[in-house]
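Here come two complexes built around chain A, the first alongside chain B, the second alongside chain C.
Take a look at the complex of A and B:
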C-alpha cells in the first residue's frame, strides 16, 4: 500500500527496466493475445457447430478463414499467451521477490525481452491486416507452408521475436537465481515456483534455438529458393517435423513446469502445509522432466512415416516422461494431505487444475503408445487431450496466479463473488467443450476439418462443444473485467492477506516499490517458504 | 551470492529508453524490411523500413553502451556469468543447421556434391581460418594491454582485430561474388543451400562480434572503458572463431 500515492507516469512505464512493471507489461500483452486467440477459438467452434459452411457463404472462403483462425489461435495461445504468461509475467514479477532480490541480473535485457515479445505480438496481429494472412497452423509444416499463398514470413518472424525474448529471459533468470538469492538461501529453500521457472528456462535455452533454426530454413526455402525441405533437390521434408517437434514437445514442459510451480504455491498457501516430498519433486520431478524432455518428440511423427523399431523405442522414451511427471503429481497432491484447506478463489482454480491435470495426463498415455496412437492421431481425441493438459490446465494456472498475487500486485482485493461466477462458467464450459471431443475422436472425427459432411453423426456433439465455448467466453469476460475493475476500485488489501510464509508476502508491501524490499533480505538456515508449523 | 543493497535503488523507478528503441529498430530492419523486399517485392517500402530501422537500432545500441559503460550494475561482475548461457543457446542454433546438413548429406550418399557445384577454391577457407585465428590472438593481446592499463596499446590492438575481422568478411563477400558469378547461388542445389546458409549465418556472427568491438572502440577513443565489456566481447569473438573450425571442416573440407 506504499506506492498508492505515486502519480501515474507514462514514461516511467514505457521505459521501465523494473522487473515488476515488465511483468505487468507481459501480463497485459499475453492477456491481449489470449483475448484475440480466444475469439478465434469461438469462431472455430461456431464454424464446426453445423455441417457445411456456417460462418461463410461458400466453401472456399469458409476453409480459408478457418485455416487462418487455426493458425492464429494455435500460434498466439502457445507462443504469445501461455509461455509469456508463465515465464514472462509470473516469473518476472515474483521470482526476484521470492529469492529476495532487488531486481533481475540484467534489467535492461529484461526490458529488451518484453519489447521483443510485444513486437512478436505486433507481427502476429499484423497478419490480419495484410492481404495474405498466414494459414499454416502453428506448426508450419512444409511443403504446404512453402507452397501456400499465405505470408509464411510473418509466422517465422513471430517465432524469431518471441524465441529471442525467451532466450534472453532464460539467460537473465538463470543468472538471477544463481547469483542473486538472499544471503542464507540455499538450493533446498527455494520456492517450488522458482525451481519450476529455472527448469523451464533451461529447456527454453537449449531447445528454442533449434526451432529458430528450423523456421529460418523455412523462410529461406520459401523466399530465397533454398532446398532444405525439398526432396526433389535432395532436401528432407520430414527434417522440418523433427526439428520443429524437437523444440515444440519440450515447449509443452516449458508451459507445464511453471504452471505446476504456481499450483504448488497456491496449494501450499491455502493448505497451510509444507511441500510433500520437496526434493523428489524438484530433483526427480522437475529436473527429470528436463532430462527426458529432449527424447520424446518423435511421438508426434508416428504417422509421418518411420521404421517400426524407432516407433517402439520412442514409445518407451515417451512413456518414461510419466515417471518425473508422476513424482510432481504425488508431491502436489500430497501437499493437500492433512492441510488446513480453505477454498478462496485462487484455490478453486488450483483444485480444478488438479482435475484437468489428471484428465489431460491420463489421456496422454494412449497417445504415447504407438498402436493406439495410429488410430487416435489426427482425431479430435488428440485435440481434446492437449487442450486439457496444455490449454486449459495451464490457462487456469495463469488465472490462479493472477488471483493469488492480485493483492500483491495491486494492493487491492478482487471481487470474490464475480470471480466465483466466472470460475464456474469457465470450469463447466471447458468440460462441456472438450469432453465430447474425446468421444467423437475415438469414434473417428478427424481434427482440423472445418467441414465434416461425410460424418454427419458428429454434428450434435460439435454443437454441444460450441455451447461450452460460449460459456467459457462469458466466464472469461467476467474474469478479465473483474481484474480490470478491481485493480482500480477493489477493497484495499493487506500486505499478506493469505497469511503465506513466502518472501513476496512476508517481506514487502503491496504493491512493492522500486527496489522491492525496504531493507535487504536475509534468511535463516532453517527458513523455508512453506514453514507453516512454526 | 552477494546481495546489493536495495536502499540505493529504492527512491525511484529505473528507466532506460535503449531497449525499446533498439527493439523497434530491429523490428523495422529485419521482419518489415525483409517482408517488404522478399514477400511484397516493393523496393521503395524496403528502403523506408530499413531507413527507419537502422537509425533507431543504432541509437538504441549507442544509448545502451553509454549507460552500461558508466553505470554501476545491480550486481557487479555478473555479465561474464551470463554470456556462457547465451553461448549455449548459440551452439544449439548452429547445431540445428549442422544437423540438417548432416541429414541431407548422409541421405545423398555418393551423389555429393550434387550436380551444378563448381570447383570451390580450397585455398580461401585456409586463408580465412588464418585471418580469424590471428584476430583472436590480436584481441587477446589487446586484453593483455588492457589489463596492464595500457589504453594506447589496447586501442591499437583492438583496431588491428577489427581490421582482421573486416578482411575476413571481405573474403566472404569476394567468395560469394565469385561463386554467384559461376552460377552457384543459394537455390542451385542442396549443397549451395547448406553452403550459403551456414557460412552466411557464421558471417552474421562475425558482424555481431565486430559490432561489439566497435561499440567498445568508440568510447575507448575518449578513454571510457568497461572491463566486463572487454572480457565479454573477447569470449564471444573466440566462440565465433571456434565455430568457424566446424564450418570450415564440415562445409568446405568434407
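Take a look at the complex of A and C:
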C-alpha cells in the first residue's frame, strides 16, 4: 500500500472515483477558498480599523473595493468553504468508512460532484480578476444586483455549479446510507456524524432548487430583460428575498448539523463515552431541525416590510427552533457526563466549539424576537452572532475534524505543539475580534460599513477587532502549515491512536486503501460506535 | 379565616391596581425605544441563565471527569425507555415555556412598534442612491448632503420634541433601510412598496439615521442627522425651510 500511495500521479487524482480521494480534493478546494476568504476578512478588518478610508485614497474607491471583499468573503465562506468542507470533505471521506461500505453508491457521480465543485471554485475566483467584480454581497438582493455594473452572472453561475454538486452529493449519500450499511447495522447504530450528514443532505435536496430558481431569475432579469423583481413592470422586490432565505436559512443547518455531528464524534471519542440520549439527539434534535428549518425564513425579513402577522408568526416558529437545538445541546454536553476525558488537540477544538455554540446560539434568541430585531438587525450584533454560530463554530469543527482524522487520512501524526499554539491564537483571536462587535452592534454600529464617521466612538473597538483578526491569521497559518508539513513528515501513527470504537478506526488501516476494508465488515446487533465499556 | 381574608384583599388590591395601571397607560403613549430596552433586559436575563447552566455544567464536568489513567473509559448512564422520553419531553416543555413567554413579551412590544399613535406627525421618507429626502405634511422638504460644505449640508430630519413621528417610506431605485439607532427602529424602503415605522422623540437630541440595507458603493455614506428640537423652534425651522424652498 505504502509504495503505491507514495507515487504521485495527478491524473489518478483528477479521475479518481475513490470517495477518500474525492474527500481530500474537497478539502483542498475548500481550504483554498477559505484562504482567499480569510485574506478578504483581514482587508475588511484593516479598512474598518480607523475612521475614513484606510486602504484607499477616496471614499468611492474605498466603498467599492470594500463591497467586493465583503461579497467574496461571504460567498466563498458559505458556498465554497463551509458547505463543501463539511458535506463534501468530511462526509465523503468518513461516511462510507463509518457505515462499513467499500465506497459510495454512485462513485462516478461522486467524481462529477467534485468536478462541479472545483469549477464553482474557479468561477468564483475568476470573479475576482475580471474588471467588473461582483459587489452584491452573498445575498445578491435585487434591484441592486440587477442595476449594478458588477458581474452578477459570476455569482449566479457559482451558485449553480456548487448547487448541482450539492444535489448530486445529496442523492448519492442518501442512497449510500440507505442501501450500503454493513450487514447487521441498524438505524440506531449509526454514528451521529452519519445522521447529521443524512439530515443535512435532506435539507439540501429539498431547498437548493429554490435557491437555484431564485438566482436564475436574477440572471434573467439582469441579462434577458425579464421583470421578476422589477416593480415598475409588475414584479416584486421581496419575491427574491423570500425565495433566497427559504433556502438560505435551512442552509445554516446544512452547516450546523454536520458540524455538530463532528463534535459528537470527537467528544465521544475523547470522553470514551456513549452519546447521552442518542435517540432524542437524532430523532428529536436533528430531524426536528429538518422539520422546522423551512418555516422560519421570515426572520431574515423582519425589517423588510412583510405583513405584521407573518412577522409575529415566524417569531414564534423561530423561537421553537430552541426545542430541537436544545435537545442536541443536552445530548452533546451530556456526553461529557461521567466520561473519561482527555484533552488532545481535536478535543481542544471541540471544547472551544461548545463555548462558541453557546455564545452563537444564545445571541440568536434576541434576534428571533421581532421587536428586538428591529434595532439589532443589520448591525454588528447580527454580524457577530452569525460569525460565532456559523463562521467560527463551523470552521473550528472542520479543524477539529481534520485534526481528529488526520492520523487516519495520512497515517501520520500532526505536530501537537505547533497545533496547540495555532489553536490558542485562533481561539483568542476570534473572541478578540467578535466580542467587541456584539458591544458596538448593540450601540448601533451598522454592518457592511467601511465608513462610520457619524459614530466615531466605535473606532477603538474596530481597532481591537483588527488585532484579533491578525492573531487569527497567524493561528491559521500555523494550523494549515502544520497539516501540510505533518502529512509528509509527521511521526507514523497507529491505526487507532485515539482508541475510538467507530468503524473507521477499528476495522481498517491508516490510510485505508482502495475498497476501504481488508474484509467485508459485519457488525453485531448490540454493536454501537460508542461502546467503550466492552 | 383571617388568612383567607388577607389573601382575598391582596388579590383585590393587585387586580384593582392593575386595572388602574391599564387605564392610565391607555392615554399615555408607549415609547417603542423603552419597550425595546425593557424586553432586551428580560431576554438578557434569560440568556445569562441558560448560558450559565450549560457553561457551568460543561466546565464542572470537564474538570470532574478528566481521565484518571490512559485506559479509563466513560461510564455514561444507560437510559431506560422512560428516561429517554423524560429527557426529551421535560426539556422540550421547559424550552417551550420559555419560548412562549418570550414570544408573548415580544408580541406585545411588537404591537407598540406597529400601532402608530393618532396624534403622530407624518413625514414622507424617500431613499435613493445615496441620500435621504424628508417631506413634511405641508409639502416642505429637507435633505442632507454628505459631501456638501460645512453649513450647506442641509438639516436632515428635524422633528419636534413630544410628538410621535410616523414615517411613510419608499425608495426610488434599490432597497434602502431607515436605521435609527437612538430610537431603536429600522425598516426597509423599497421601490414599488410603501412601509412605515414610528418613533417618539421625548427630549432634545441629535442622532443619525444610517442606511442599513446594502445599496452599493456609497452605502456607508448614506446617512443624515435626526434632530429633535422644541416645538416652537421646530415651527420656526419649518417656516424658514418652506420660505427657502419657495425661493429656490
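The definition used in the following text is that the second predicted complex is superposed on the first by the 528 of 534 C-alpha atoms of A that agree within 3 Å, B and C clash if a C-alpha of one lies under 4 Å from a C-alpha of the other, contacts with A are read in each partner's own complex, and residues count from 1 in each chain.
Keep in mind that, in the parts below, a contact is a pair of C-beta atoms (placed from the backbone, for glycine too) under 8 Å apart; a residue touches a chain by one contact, two chains touch by 3 or more.
Computed from a predicted structure; not experimentally measured.
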Should the pairing of chain B and chain C on chain A count as a clash or a fit in the superposition? fit
Considering only the touch criterion stated at the top, classify A:236 as touching first (chain B), second (chain C), both, or neither. both
Regarding the shared-chain residue A:420, is it in contact with chain B (first), chain C (second), both, or neither? neither
With both complexes superposed on chain A, which partner does A:494 reach: first (chain B), second (chain C), both or neither? neither
Let me test your reading of the model: by the given contact rule, A:443 touches which partner, first (chain B), second (chain C), both or neither? second
Tell me the contact category for A:336 with respect to chain B and chain C: first, second, both or neither. second
Distance floor for C-alpha atoms, chain B against chain C, superposed on A, in Å, equals 12
Could you list which residues of chain A make contact with chain B in one structure and with chain C in the other? 235-236
In the complex of these two chains, what residues of chain A are touching chain B? 11-12, 14-18, 21, 100-103, 105-109, 111-112, 115-116, 118-119, 122-123, 132, 151, 153-154, 157, 160-161, 167-168, 170-172, 174-175, 178-183, 185, 205-210, 212-214, 217, 220, 223-228, 233-236, 239, 243, 513-521
Looking at the complex, which residues from chain C come into contact with chain A? 32, 35-36, 39-40, 43-44, 46-47, 50-51, 54-55, 57-58, 61-62, 65-68, 70, 72-77, 79, 84, 87-88, 91-92, 95-96, 98-100, 102-103, 105-107, 109-110, 112-114, 173-175, 177, 179, 181-182, 184-188, 190-193, 195, 197, 208, 210-221, 223
Hey, which residues of chain A end up touching chain C in the complex? 59-60, 63-64, 66-67, 135, 137, 139, 141-144, 147-148, 231-232, 235-238, 271-274, 276-277, 279-280, 284, 303-305, 308, 311-312, 315-316, 319-320, 322-323, 326-327, 329-330, 333-343, 351, 354-355, 358-359, 362-363, 365-366, 368-372, 374-375, 377-379, 443-444, 446-452, 454-455, 532-533
List of chain B residues in touch with chain A within their complex: 1-20, 22-24, 26-27, 30-31, 34-35, 38-39, 64, 67-68, 74-75, 78-79, 81-82, 85-86, 88-90, 92-93, 95-97, 99-100, 103-104, 107-108, 111, 114, 185-187, 189-190, 192-193, 196-197
